[in-house]
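Chain naming follows the written order as A, B, C and D, and within any one chain the residues start at number 1.
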Amino acid sequence: MAKKLWGGRFKKKTDKDFFEFQKSIQYDHKLAKYDIAHSLIHVLALGSTGVLKPKEKAKLVKSIQKIQDEIAAGKFKYDKDSEDIHTDIQNKVEKKIGKLALKLHTLRSRNDQIVFDEKFYCYEESTKIEGLLEKFMESIMFLKNRYRELSIVGYTHTQGAQKIYFKDYLGAFYCMFERDKKRLSSFLKNLEIHIGAGALLRNIKKENYGKAIKEFLKGANYPIKPSENTVDDVSDRDFIIEFLSILSIMQMHLSRLSEDFILYSTKEFGFFELPEEFCTGSSLMPHKKNPDFLELVRGYTGRIYGNLFSILTTMKGLPLTYNRDMQLDKEPLFSSVETVKDEIAIMSRFIKGVRLNKDIIKESLKDKNLYSVDRAKDLVKQGMSFRQAHDEIGRELRKK
Amino acid sequence: MAKKLWGGRFKKKTDKDFFEFQKSIQYDHKLAKYDIAHSLIHVLALGSTGVLKPKEKAKLVKSIQKIQDEIAAGKFKYDKDSEDIHTDIQNKVEKKIGKLALKLHTLRSRNDQIVFDEKFYCYEESTKIEGLLEKFMESIMFLKNRYRELSIVGYTHTQGAQKIYFKDYLGAFYCMFERDKKRLSSFLKNLEIHIGAGALLRNIKKENYGKAIKEFLKGANYPIKPSENTVDDVSDRDFIIEFLSILSIMQMHLSRLSEDFILYSTKEFGFFELPEEFCTGSSLMPHKKNPDFLELVRGYTGRIYGNLFSILTTMKGLPLTYNRDMQLDKEPLFSSVETVKDEIAIMSRFIKGVRLNKDIIKESLKDKNLYSVDRAKDLVKQGMSFRQAHDEIGRELRKK
Amino acid sequence: MAKKLWGGRFKKKTDKDFFEFQKSIQYDHKLAKYDIAHSLIHVLALGSTGVLKPKEKAKLVKSIQKIQDEIAAGKFKYDKDSEDIHTDIQNKVEKKIGKLALKLHTLRSRNDQIVFDEKFYCYEESTKIEGLLEKFMESIMFLKNRYRELSIVGYTHTQGAQKIYFKDYLGAFYCMFERDKKRLSSFLKNLEIHIGAGALLRNIKKENYGKAIKEFLKGANYPIKPSENTVDDVSDRDFIIEFLSILSIMQMHLSRLSEDFILYSTKEFGFFELPEEFCTGSSLMPHKKNPDFLELVRGYTGRIYGNLFSILTTMKGLPLTYNRDMQLDKEPLFSSVETVKDEIAIMSRFIKGVRLNKDIIKESLKDKNLYSVDRAKDLVKQGMSFRQAHDEIGRELRKK
Amino acid sequence: MAKKLWGGRFKKKTDKDFFEFQKSIQYDHKLAKYDIAHSLIHVLALGSTGVLKPKEKAKLVKSIQKIQDEIAAGKFKYDKDSEDIHTDIQNKVEKKIGKLALKLHTLRSRNDQIVFDEKFYCYEESTKIEGLLEKFMESIMFLKNRYRELSIVGYTHTQGAQKIYFKDYLGAFYCMFERDKKRLSSFLKNLEIHIGAGALLRNIKKENYGKAIKEFLKGANYPIKPSENTVDDVSDRDFIIEFLSILSIMQMHLSRLSEDFILYSTKEFGFFELPEEFCTGSSLMPHKKNPDFLELVRGYTGRIYGNLFSILTTMKGLPLTYNRDMQLDKEPLFSSVETVKDEIAIMSRFIKGVRLNKDIIKESLKDKNLYSVDRAKDLVKQGMSFRQAHDEIGRELRKK
């Protein structure tokens, strides 16, 4: 148990098992980078209020920036005995500069830090996912273009319906991911990263934070703002739920693409040849080439939906403002973000390796049923009502 | 079993129990108004392609408009033996004008109709919910203003934390619902109501639908557009999931408000007096006045989340394009929309009736612990580091 | 608004919209039969305590039994202006016998009635589902036997794996539903229908209820018992969640059967011919015969899972004992029970109509890959290690 | 990338990112102990069929048992570059005894291994949870007994209802966890750990496995059996869903207990004093003692429900038999099992530390409303009907 940020009023020592149960450092260390940003802005704000003298401010900033550099260089090692990332960074600063570090947490609350950190994380990660989506959409376009003249069987109810262009078929997925991208953009547009809410009450003036943010950003474009309603800020986890909802819809699209590609690469359909380097074999049956990547993507739908449901459940009926339940928002968030990023990144390369079996496709298009609407059109041109034409063609088929 | 829109090719009669199992008229009749709109645009499009002669078009339009008038006047009665609302309207037109009605469904698919109807429904209903939200937010503002000078205990972890303004406390809810409204706006801004996708393939040119839409809208502002990617259009249910996600977050907010108000109206907290006309009693204990409205709102979170997960589950892994599974999107959609509308409408009036017990609140603010941060601030001013001040105050409390 | 079971202490009239919002008669009327049972036992218990004189008891019993007869004969009509089924029955008794009816609800609480009613409902409905499952399993056996000699391709990863017997393939589903049946049996075995918990406190002695139950049952076998821990009884909804969990697993099985049958009845696989009377056509494409029944069953998985999560969410974090949130357990319960019953009943007849295309199946079994394990076995017999044999066969395939 | 159990037929090397994406060793190493059991039984079966000579068998058994010993001693280190635990163990055996190891996987499939491993894991873990539940129930009993004479306010709708015994209140939780235990018992009773299903088809006779199991068990009591329907065995994940359902209900109980205890330990209720060693403080407010343990338990409901939903979603609509999607069942399973175990273990000690504030409780029992039913009883004794008595008392309250 590393040094904690609280404890003065407690007569008894924290139970060890409980301490292990409640600590979050094992996952919230992923927020180190953002927690550093909070610390920097906070120190700048303390400086502008006069709580910190210029020299103290400078020394604190410097020590925090050292940690920042370690993180950027991938050299940061969190202390697994710390309660959380906030405590860990505080302790590390203390190690570097001694007693002055005890001023770092002046009038600051972890309630404010964590929501700042998480919003910043969501901001950066949704931006990254936007970028990955773009590449993925380019891959779809690539495959679309490779077979731009090709027609295939279009299905409804997994039954052959009409002949359609492959580019329209694949284009449907393009449209889906385009909508996902739009949803991410709306999300990003509305996301504000607030600072200065205290535990639930402002301790330092908005103006001081305003100045500090400006100094921190140096013209950079992050939507960091001083807290408006502090009660709302520490209570709010909407941004996580909205983000996970967007990822859930995206995942649903991925599951449908996977389902179709699994189907089209069966021996029985035979339309697609999947890239071997993304398939696996069987430890028993030497002949097997299984579409494992697609199956795993389809299967991960459980995880992505489950994570959304997890955080929705946790937030249900929580009294204002902050409650410790809310700590449990991080694992589902990280899990969905990381899974979706992996999926799209690999899918982008996977999809470029898909080959279409033109001969089999050509054969499949010979099915006369695919053209029953054209037959009906002809009868309509000859003056029959569509309803009658439909019936007539149906009756012919019945006789067979 | 009323007359169906298909069946020519079938040798055997549809099984009765199966027919009952698969029909949707018992809920999709709620889309009648929107299905009429589809029929009108479709007839106009058929007219512009020449499939319908001007007189035929006029006659069909007139008969459809009659049904439209019945719906508007609340006189429309759906035939519960029909398969679905599309079939029912077709049969009703046939009843009115005979054989010509057999041309109504020319080159049209229910796959296109249903997604058009549902998008139109979502468009109108989310607009209504926006309006209800506005009123609800006004009510919050009303209560906020009534007690604008009042301070109350602010809580974290359901434990008294610091003294805060009531207006900031209630304002937090205002902020939440404002975000919900923003999400609805983004949703509405991106929603396009497409027409002309056929079963999965365009049968009538975009230009013809374009003209027909213009003629139908007569300057009205609905975002109706000809289908771009027809494969995507009949496969897509994103708009329902996105809508239900937005409602789920809103519902989460409602559940938190309810939880707090239930708590604050217990005898033990005693801060709030709930309006009697929204409470109920006990059949056994004569003294009871229970916060049933708030409990039901909190409880409905199950339904609203459940509906979201229902449609997410149904859509998981569906092959393109339309599958009958997708018929089951309507009941969760309607259920969430209607529940949320009822909740907000009643909550708007409920909240205006809430009274605060100023004496109890005043008493509760006497707790010295609520001012421990101020104590720490003082010690900081005297030169102590915040960490030390925190410890010192903690140790004092420990001794008691 | 019909006469209510409470209201004395209220100065203001119940708000009309709120009354509509909170009433449950529109769905809990389905529990009429069980609520009658509660009333009968309660009256018998009141009789044995002396609160009711023998004549009063007899008169009350008679009037309640009249309602019971109406229910049995399908003639019971609930009053949609009543708050709930308990109130409705009370009012109906009052209509029949006047003032004496005012003694019916003596020392009784709706908290006790509703949990009794729901447990009784679950008891009867799970028994019915057991019966339907049995028939369904017989149907599976029927189809299994029809093709007992037939071999088919066995799949892993939707890729042909090895030749297996059709009876083993279909037998796998038999095993699944057999486990479902076992789970139902365990559920039924542990289910006790308690009576006499009051609002949360016993008002009438256990002995009196004990006698009354005996008198009511007349040797019948229902597991009705006097309440043991009254606090637990009115707080408990485990039985609903457990029931819905069992139905969710069963539904998952149904979804897998549906998926496979949809796949095997595609033109591309071609193994199965589905019974026409359970399929539907397209309003646009005259040639279509769609596996709608199977798609709907697969799609209903959303509903069944959603209902389970609805009630799980509603129950999360509820303080003891009864809260009005719990009223919302009924709609998900009824919805899952009715859906599953319909599905299995129709599936039992559906499955008997499935025909296998022996020629296509025979052809599919010619694929040499299906026998790669046999090849490996041979090599093992010749002394090669299995790992080497696997590699060798794999390498041969690679060269092709 | 360590040596794999397949690959002969593949021309291209597995993509590195995909390999990372698809491997499971990072979590399925937790099944090492059970996978060893499978290997032992399998080797014994191979011995009894003659595929392995007695010496080969003995040598293989010995090398596997060495690994078993390492696991038991906590010294087992899995190779993170292996695909999965099955591969890892195979490779480790090879390292120990060279070429003979290539016979270990003869006629065995990972499809059979994984379901065996998971069932064995569920068997052992549910047994452990049963034990923890027992201890937890003893703790409840302990607290119940400490205050066995005490009465408290009983609540419905979070509003004071009637005076009840504390032992009945706490006993309600005892009843809940007793039901959970019963559900675990039913689960365990029906659980069979099958072996010998191959990929989906039996490769070695039931008799050989039967003998091997006997030899392995040496009289121990594990319900290990040869596979009956091999198709079902490799497709089945019911046992995980059932287990997670049981844990979800248990978690719901824990969430309700937490909610109540949080409430009763607020300053406003004041009934309970929570054990300090299981509480935490605030980094800002020195006075805070927060019920973090209870909040985390309440919050974990999201995770436990989410895990259940995750696996339900993943299994929806999967074609028979094994699909790679099913690999994703392990993380939700492990996560729920470990979380619940931690919760109950700590809760058992937590609950023993809870103290009741008798003075505050005594004061709270002075509220006359708590005795309104007794008043009504009196009036009934005087000949009034209960309905009238209820009204009369209500009217009196109204006047105040």
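Brief remarks on what is shown
Keep in mind that, in the parts below, a contact is a pair of C-beta atoms (placed from the backbone, for glycine too) under 8 Å apart; a residue touches a chain by one contact, two chains touch by 3 or more.
What you see is a predicted model; the values in this text were computed from it and never measured.
If you take subunit C and subunit D together, the chains in touch with both are A, B.
A centroid comparison over C-alpha atoms places D as the chain most distant from subunit B. Centre-to-centre separation of subunit A and subunit C, using mean CA positions: 36 Å.
Work out the mean CA point of subunit B and of subunit C, and you get 28 Å between them.
Between the CA-based centres of subunit A and subunit B the separation comes to 24 Å, rounded to the whole angstrom. Chain contacts: subunit D has residues 6-11, 105, 107, 111, 156-158, 161-162, 199, 203, 263, 281-292, 295, 298, 301, 305, 309, 312-313, 315-317, 323-324, 373, 390-391, 393-394, 397 touching two or more partner chains. Within the complex, the subunit B residues that touch subunit A are 6-11, 51, 99, 102-103, 105-107, 111, 154-158, 161-162, 164, 168-169, 171-172, 174-176, 179, 182-183, 186, 189-190, 198-201, 203, 228-232, 234-236, 238, 241-242, 245, 248-249, 252, 255-256, 258-260, 263, 298, 301, 305, 309, 312-313, 315-324, 373, 377, 380, 385-388, 390-395, 397-398.
Those residues of subunit D lying in contact with subunit A across their complex are 5-15, 17-18, 21-22, 86, 105, 107-111, 198-199, 203, 275-293, 295-296, 298-303, 305-307, 309-315, 323-328, 331-332, 342-343, 345-346, 349-350. In the complex of the two chains, the subunit C residues touching subunit A come out as 156-162, 262-263, 266-270, 281-292, 295, 309, 312-313, 316-317, 364, 367, 369, 372-373, 375-376, 389-394, 397.
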